[in-house]
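Note that the chains are named A, B and C in the order they appear, and that numbering of residues resets to 1 at the start of each chain.
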Amino acid sequence: MTLVWTEARPIKKTKTASRLRSYLLTAYVTFFFCFLYLPILLLIALSVNDSQVMTATFHGFTWRWYETVVATEGLVRSIFSSLVLGLVSSSIATGLAVLMALGFRHDFPLKPLMMKIILLPILIPGVVSGVVFLMFFGYAGISQGLWTTVLPAHVTWVLPFAFLTVFPRINGLDRSLEEAAMDLGATRPMVFRRVILPQIQPAIVATILFGFTLSFDEFIRTFFISGRDRTVPVYLWELLSDQMAPFLPAVGVVVTAISVFASLLGFVVSAWAGRKGANASH
Amino acid sequence: MTDHGKTSEPPAYALARREILKGAGALGALGVLGIPGAALAQSAAKPIETLGIGALFTPALKPIVEKEANVSLSNGAFQSSVDAVSRLTAPGGTQYDLIISSFDFSQPVVMGLKAGDERTQPIKTELVPNIKNINEVSQYALSPRDGKYYIVPICWGFDTVLYNKDHVPENDPYTQSWSLLFEDKYAGRIAWWDTSLNMLLAAGLYLGHAKPDLMDRKDLDEVAKFLISKKKNVRTIFTTFAQGTNLLASGEVVVAYGLVTMRVELEQKGVNIAGSWAKEGVLSLIQSGYIPKSSTRADTANTVINTMLDTTYAGALTRACGYLSTSKLAQQEFTPEERKRYGFGMFDGTVKHYPQKMPPNMNMWIETWSRVKSA
Amino acid sequence: MSNARNVPQTAQAAVRRKRAGGASPWRGVLLATPALLWLCVFAVAPLAILALMSFWTSTIFGLSTDFTLDNYRTLVADPVYLLVLLQTLRIALMVTLISLVLSYPVAFFIAKARGGRRTALLLLLFVPFWSSYVVRTFVWLPMLGRSGLVNNVLVHLGLISEPLDWLLYNEGATQIGLIYVYTLFMTLPIYLSLDRIDPQLIEAASDLGAGPVRSFLRVVLPLSMPGVISGCVMVFLLTCGAYVTPQLLGGTSGVMIGNIIAVQYTNTNNWALGATLSIALICVVLLILVLFGRRVRLNDVFLKG
């Protein structure tokens, strides 16, 4: 009796308080997203601004910057390069990261040291990383190119992020499930395929997606070693440096649109994998 | 009008070009000698990678080179002569077949101290017959060694202070000196260029050094102190020329260190810009081309150099970007006012200028500029 | 699947395994080896080259490989470099903290959302980051410039008569740019961490009488710490090495060490000095991480999950 009575008043108070909190939070999140999107909207506005110079003063509406973009072949090629490179480098990095995370579940000496080594690609400032690769590949006689120099650089860049993303998930797996499977006669590869993999599948897909975003966006390390194949950020930078071209915002919009489309695809795949994973673990 | 002719794809990494930037119209290419429709030659177009200031290959000029030399040209991002010439000594060589940078600065690196130290391939004069058409004033930039040429002068240019006439009256005495770039009058509306050589040379000239490239450590420290004290007047320090022109065009700054090519580009865009004729002297340079030892396309590179010295290109050059060709084949008609503006006065002594030479203690210069920037 | 005849064998294997302790360190090493090899070749070796370079001399005529401490002397003799390094650390710290404060509520909000709404929010979060780093940075120029959006709006509204100069080309602009560019790196790890929290824990807390605020402070926040730390570390590190953003937006006062280093490679051709500055930066950052790690017991957080 007393229990119900003492709870009655707090519930009413918490309801209004929690509603206020909820409103505040929603308002803040809305403001945050506005901050996030304002530059993008500005970009779109600039891309149709009929002005020789990139300023926010409106001079008239025009499609001509998009016409210019469509006629530029370098852009199309760089988008394709970036997309494929992003997928491949992210997959490789995720694969390496998953293996490493699985290994880290066991205790072995030098684990703290390895933890520091994993962070190395992030620790080394991008510019330095780029130039060191430049020298490294130069001395090794490896000619610059998308698959010869840029791919390793991107895998190295994505690896620590991939690891930091999958490790908490893999570490939190219930080992007893695996041991049970082994008791039932499953070999280790089978355990991996039938027990571990379904559980971490959503995490893997999410990591690949994140890695793809990282690789697609990576500029400074790629800049020094890209050779003749431009990725999108390198192409954009050269456009920016070389010309400060008025059609730059249009290029930005096109790039965004394409990568949004590609990543939406990734998200759908991720959600589908998530549902499959949820079913499998039941 | 423009023919999007299909080119068959050269193998591997070579780029099949089809790019017609309609934005070229926006640059207001002033009726240059009939830009040929971009009907590129068929599969015979040879690829070549160059590193030169973008102004040399504007949409008005690039098609000329590509058509006459039968190449498909890809120009890298040019930052400065310092950066360009350093590619010659970079470990692992460089991907560029032809580099064009300032002669007075690049020559020591290109030629090396003595015979055998050259870092570039000798020019094949049979592919570059126009080398005998180099005019008088530019002859010294040929600097042959043992009868061979390792670097070829292509065009003249100069650096000065660019200012927006809408905000800086032309009769302002500051426009007669480098003081415009440093002093407090236009504080907050000034932009410097991020390069050790040029900024320190300009400051050196302004502070009274007759031969600024010979400044020693004491002089450099004095210049550094001066520049650091004036840094508060600077809105920003730009690295690429496009950033510089954009700063002026958008009104972000009204005074900036500028190349003549920047001024011409801005004029074409309709910005009311002028360049100062500093009484201490403008900084002149000769853009010269050279072929790195690591290049496998030397023949193509030689042909391109020849094309740039040939009638069509040389004749179109000045109006298209502001550089003055070194070739005698550049038959152009200019009004006296135009001649003054484009800087022909450098040749008859009416414009005081100082060449952008490489200082003997270049490392000290670089270090000094680093200090100025970090302060 | 299991054969009756195999049961005795698998039972023996299970016993053997349990006797061995269940977790074999060698297996761990084996699994981690591919990644480790990769990192040795592409992360450790380049670092070694970098360290080596810092003892050489660079001139425009090329690299001289004679051992010298001159670069380090330059670093110490002139206070400017150390000052820029300190400024960089300060900026990085501020950006990290501000980013944390800004991103945490958003991550929380998204983690609380369910199903389609959550996916939509995540998507909304990701989309701006698919516009490319370069674009996300340079768009602040027409945003904050003298003839930029902010100034135009303010002038239009009559709040100011002259465009504001101090919006751009200073440290503040650099910070805004960096916060904007690296938001995802903070929000995502926090969200992932919050996502893993078992909702039953929160229920249990409220059953025990904790109000929503208390259950957040005592249950949710501590459990989300790995994500918070992960995000902070990432943003801090990325910001320390930032180059493009301070370059475009920083003007003369928003200079960061990344600029100074970059310019040694792209402009002044003093690779050795650039290497020296990089080593200095890496050492300082490592030091900070180790100290921070000791206080927060980074290893425990990460390695015990």
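The rule is short, and it goes like this: a residue touches a chain if its C-beta (ideal position, glycine included) is under 8 Å from a C-beta of that chain, and two chains touch if they have at least 3 such contacts.
Predicted model only: the values in this text are computed from it and were never measured.
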| said: Between B-C and A-C, which chain pair is linked by the larger number of C-beta contacts? | reply: A-C
| message | Suppose chain centres are the mean of their C-alpha atoms. Which chain sits farthest from chain C? | response | B
| remark: Expressed in whole Å, how far the mean CA point of chain B lies from that of chain C is 39
| note | Rounded to the nearest Å, the gap between Cα centres of chain A and chain C is 13
| said: Residues touching two or more other chains, restricted to chain A: which are they? | reply: 54-55, 135, 237, 240
| query | Which chain B residues sit where two or more other chains touch them? | reply | 91, 239, 250-251
| task | Two or more other chains in contact with one residue: find those residues in chain C. | result | 145, 147
| Residues of chain B touching chain C in their complex? | 79-80, 82-83, 85-86, 89, 91, 108-109, 188, 194-196, 231-232, 234-237, 239, 250-252, 358, 362-363, 366-367, 369-371, 373-375
| Parts of chain C lying in touch with chain A, wherever the complex brings them together | 1-3, 6-7, 10-11, 13-14, 17, 22-36, 38-40, 42-47, 49-50, 53, 102, 105-106, 108-109, 119, 122-136, 138-143, 145, 147-149, 151-152, 180, 183-184, 188-189, 192-193, 196, 211-212, 226, 230, 233-234, 237-238, 240-241, 243-244, 257-258, 261-262, 265, 271, 274-275, 278, 281-282, 285-286, 289, 298-299, 302-305
| field | In the complex, chain C residues that touch chain B | value | 59-63, 74, 78, 80-81, 83-84, 145-147, 165, 168-169, 247, 250-252, 255, 259-260, 263-264, 266-270, 273
| Of all residues in chain A, those that touch chain B in their complex | 52-55, 64-65, 67-68, 71-74, 77, 134-135, 137-139, 141, 144-145, 227-229, 237-238, 240-247
| Where on chain A does chain C make contact in their complex? | 10, 14, 17-18, 21, 25-26, 28-29, 32-33, 35-40, 42-43, 46, 54-57, 96-97, 99-100, 102-109, 111-112, 114-133, 135-136, 152-153, 155-156, 159, 161, 163-165, 167-169, 171-172, 175, 179, 182-185, 210, 213, 216-220, 224, 232-233, 236-237, 240, 248-249, 252, 255-256, 259-260, 263-264, 267, 271
